[in-house]
Amino acid sequence: MAMVCLSDFEAYAKKYLPKIAWDFFAAGADDCCTRDENVLAYKRIHFRPRMLRDVSMMDIRTKLLGTEISFPVGIAPTGFHQLAWPDGEKSTARAAQAMNTCYIASTYSTCTLEEISAAAPGGLRWFQLYIHRNRAVSQQLVQRAEALGFQGLVLTADLPYTGKRRDDVRNGFRLPPHMKLKNLEGAFEVCKMSPSFHDCSEYGLPPNSIDPSVTWNDIYWLRSLTHLPIIIKGILTKEDAELAVRHGVQGIIVSNHGGRQLDGGPATIDALVEVVEAVQGSVEVYLDGGIRKGSDVLKALALGAKCVFIGRPALWGLAYKGEEGLQDVLRILQDEFRLSMALAG
Amino acid sequence: MAMVCLSDFEAYAKKYLPKIAWDFFAAGADDCCTRDENVLAYKRIHFRPRMLRDVSMMDIRTKLLGTEISFPVGIAPTGFHQLAWPDGEKSTARAAQAMNTCYIASTYSTCTLEEISAAAPGGLRWFQLYIHRNRAVSQQLVQRAEALGFQGLVLTADLPYTGKRRDDVRNGFRLPPHMKLKNLEGAFEVCKMSPSFHDCSEYGLPPNSIDPSVTWNDIYWLRSLTHLPIIIKGILTKEDAELAVRHGVQGIIVSNHGGRQLDGGPATIDALVEVVEAVQGSVEVYLDGGIRKGSDVLKALALGAKCVFIGRPALWGLAYKGEEGLQDVLRILQDEFRLSMALAG
Amino acid sequence: MAMVCLSDFEAYAKKYLPKIAWDFFAAGADDCCTRDENVLAYKRIHFRPRMLRDVSMMDIRTKLLGTEISFPVGIAPTGFHQLAWPDGEKSTARAAQAMNTCYIASTYSTCTLEEISAAAPGGLRWFQLYIHRNRAVSQQLVQRAEALGFQGLVLTADLPYTGKRRDDVRNGFRLPPHMKLKNLEGAFEVCKMSPSFHDCSEYGLPPNSIDPSVTWNDIYWLRSLTHLPIIIKGILTKEDAELAVRHGVQGIIVSNHGGRQLDGGPATIDALVEVVEAVQGSVEVYLDGGIRKGSDVLKALALGAKCVFIGRPALWGLAYKGEEGLQDVLRILQDEFRLSMALAG
Amino acid sequence: MAMVCLSDFEAYAKKYLPKIAWDFFAAGADDCCTRDENVLAYKRIHFRPRMLRDVSMMDIRTKLLGTEISFPVGIAPTGFHQLAWPDGEKSTARAAQAMNTCYIASTYSTCTLEEISAAAPGGLRWFQLYIHRNRAVSQQLVQRAEALGFQGLVLTADLPYTGKRRDDVRNGFRLPPHMKLKNLEGAFEVCKMSPSFHDCSEYGLPPNSIDPSVTWNDIYWLRSLTHLPIIIKGILTKEDAELAVRHGVQGIIVSNHGGRQLDGGPATIDALVEVVEAVQGSVEVYLDGGIRKGSDVLKALALGAKCVFIGRPALWGLAYKGEEGLQDVLRILQDEFRLSMALAG
């Protein structure tokens, strides 16, 4: 099976992952409209390709908050990488380091932050945070991450409660017994995953462990805990983009959580424009969602994103061959992105 | 079979109801364009989700003409509930009472108003009326309903004649012999349902029993019969919304009769906006049609509806397990609606 | 098989007509885009239904150039009715007379004008004309029609050459030997239909018998031949509508020849509006194309048509049961049209 | 199998060509969105057909830079015609000459320019050029073409690198050993085609033989090499159209390389309008891409193209019967184009 484009990795993962893992990674909320729109929306955006420009030299490097990466595609925070590959997030970290790009490690990792750091000590790593009702848990995570050399703190803003992913409910999804939310061990008595949606909506944490009362003022609280730059993830409107700037974040990731939270919001590439306009260059804007080929990356950059992050495609790469498979995915995107730049002039 | 979302109940009903009953409940007029548009139109409406608002406490209660219900979803008037469940409308009334919401009982019930009242004496019930050529019949129904504690009178305005539902004609649809339009027993010699569309278009009533000459002035006549608030159902344009206000109704249900009457009108969610604008808050506006998940409810409320009413989904719930099944449907909508509210900020 | 709507007749005809006849009647030019658009365009037009109007009495009669018909649906000129039913155009004429509506007999009939007149002496009949290179043929036809009591002359303007209907070419379509273009017998040596598109594009006439040099001035020539009102068929633009008025026609049929001529023009219901606006009531405007149910008729009337004409549905009716089948089709349209009027207020 | 329209030739080629050849000719870049849009975009463009114009005489001849051709359809430059038919480009040249139209021979021909000239000495031929890093190669080609009587030089501007055509990568596409890029023999050591996309993206040439640093100034260099008119191929925006005029080209071919280069640009028929407007008649504008029937040609002309060029349809014709098959394709387009003109008035 030739792995020529990202769809090939998707097909492989669908075929070879356990159904429950595939379903979990693929799941969107409700009818999956937003998940699918994330991808379809790119097809409605057309380039205006320019010709006869000298494209013999192309510099595809960029900087994230001052740190150079090899090309503008990073790894979005997704959970439970051991479901895709035994080494889990360690493989992810190694692949990102090898490709010299940014990896945003999820709170819901199946490896510890320490293992992730040790696996790829020289890589650019950010840490993604949920704010728990038990604030001490969150504070401790932030400070561990900073101490371990993570260089950015990504606050997920769109998950006050977990979205309704029908297949997960049908499957009674739960982590296999040998996998743990290692970063949270000890912090909570880890919940026995039950088949009911209502009992355990946070996938391995006690019900309602995440704090739904978080507001913009909690940015100040985070600020007081760490010197790391704060990036807010999950913004879809100009109003929230302005609030983010006003509350002093350093970056915004336009995201709808891969269509796994609210079904019926905009595709991220469609929301990008108003966010970019609202911030007027005062903070960096990134995009998460729906990237399936290099020209999608170029479209996002043309509309003002500094960089994109890939979620599911990274998991497909892991599912194919762990670190090596993820590098394949990144390399394909890199080649395709460079080619698109050349062909679009 | 896990009942996770309303589509699961639909699939169940399609599988287990007698074909003639399923067809009758599912039927739309002509090519069913409007029936299908009612559902599809929601997908074209996108939220602008807002983040980092405190959604730890959410109050989803609302009031219908001053009476509180637990969340903004009621039961639309549909006929012949015994086709879905032996206890018929008694089950419907009990489920609505249990969930503390409003049930609009249809003139074409297979239980009497008395049975419905007795089944759920404490529930909020409205009564839906067709005006018959024989006005005495209608007058008697209104006064019976008022006496029995129904708290609102819903006048259906979009059925001067019955729409052409092809499958019903093909099936020669008729009520099974042991079911009766109990509220009308004695009022008419109940017609033997024949397979011809032309002979018996009112499904169990003598042909042409409904009065097609009803006009806005008949609102005054209704007003003279009862102290109940009058809600008009079937309005789709601003012109008619203004007329409704001018004729002194207390509420408007934007509805196209589930796409069972005129094929080719607007989806109800699309018509809602102009009706809401036209009445400028002077009367309450509700919506009927196409609701399939909690976020649809939120969209209707965001566009100005005070509450929505569900027709077919209620029947699917009944078909699944009677009162209990309908409660399941309502509870799923309630959970999904609450979650959507939280996720949309 | 219950014949409930026009699609049932279509399905019947597709199943029971000889393939070559079905293909001939169904054929559109090239990719059949325009043929299909004619039908689809109605679905994009939405009513604004009005409620509580007295619809107990509805008058659906109308007048065509002063002559009353029972409802605004006539029979468009189509050829070769013997392919659908042995009695051919005689059956068509009888059905139209029985339903008291207008039948436009085609030049390419398989019965003579005399037979058609004799079959339905009291019916409203118009005669459809192509102008042949041999003008004497056309002149003779016009004068025969007038003498026989046809009350209107319909000039087809959109067939200077025959459109390319791929299936007819593939089938090597030709009339069976026992059918004749009876109105033209003797006028030309009737061509042996060959399988090549190029040899015999006029389906039974010598190649190039129709005059492609006809211009607006030929309306004056027609005018000099007859006292009959002249209706021009095939107009799709306001420019041509204005020219038609200026050249003194009495009526315009907006038509694209059922999508059998130029593939890529507008649907007739879409072209209707600009034609109606252009003529400002100075002549009657009719519509031909895509009618499949009574509400389509109502849409055409709401957009300014005085009457519609049906082509393929009439043939399906003939194919079902000749005169009786066509009456069924007309009666269904009549019932549906009356119901739509009532439901749209 | 009756060959009635171009789709018949496509179906034939798909059935009878070796898969690797069919895939190569059919391939579009990435998801093939642009390739497919090229065709679909025509369906969104509607004629405004005019009636009763004298269409008995129609002159469909046109002139390309002063040279008359029999109708406005030429042969676009495509490579490797021996994959479609043993005689390769010689057949193509003969068919174009026989139909008295223009053939643009590709640099990537499997016959030499000398063979092509000899095959059709009297035909209008243009020569298509890529500029190689080794400029001497390009210079020699231009001067050979001029000496051989080619009358125009077509510079392809949209291939600084080869697009990513997934099927070619999957198939490990390479020319069969007995076929050669004959015009370039000796110029490069011809590369052994390997299955890897990265190794040999120019299909038979050494990697990176094409110069990606070409800019508008290289038009002046070309100008210095030849007296031939220069036509630039691959323009899609008004900005580039203006640059082309300013740099002194004689013609512009609006093209996206059949959707084989950048996936995500506009359909060529959609880009045509802005290019035509930008040049204001100062140079001739042609169109390449998506033509499937005669009315597509007419649409392109109505939007300002002087002539269209066909790529894949020409290959289908070759695959059917070589020179004869291509003549069939051209004759069908000619007949359909003439008929469309007549029917559109």
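List of remarks:
By letter and in written order, the chains are A, B, C and D; residue numbering begins at 1 in each of them.
Following the convention adopted for this analysis, contacts are C-beta pairs under 8 Å (C-beta built on N, C-alpha and C of every residue); 3 or more make two chains touch, one makes a residue touch a chain.
What you see is a predicted model, and the numbers here were worked out from it, not measured in a lab.
Contacts with subunit B and subunit D are shared by A, C. Homomeric contact subunit A/subunit D is classed as different-residue, with under half of its interface positions used by both copies. Distance from the subunit A centre to the subunit C centre is 61 Å, each centre being the mean of its Cα atoms.
Distance between subunit B and subunit C, defined via averaged C-alpha coordinates, is recorded as 43 Å.
Multi-chain contact residues, meaning those touching two or more other chains, do not occur anywhere in subunit D.
You'll find the chains touch as A-B, A-D, B-C, C-D. Chain contact summary for the complex, subunit D toward subunit A: residues 30-31, 33, 157-158, 160-161, 163-164, 166, 169-170, 195, 197-198, 211-216, 218-219, 232, 234-237, 239-240, 243, 256, 261-266. Residues of subunit A touching subunit D in their complex: 2, 4-5, 42-43, 45-56, 293, 295, 299, 335-336, 339-340, 342-344.
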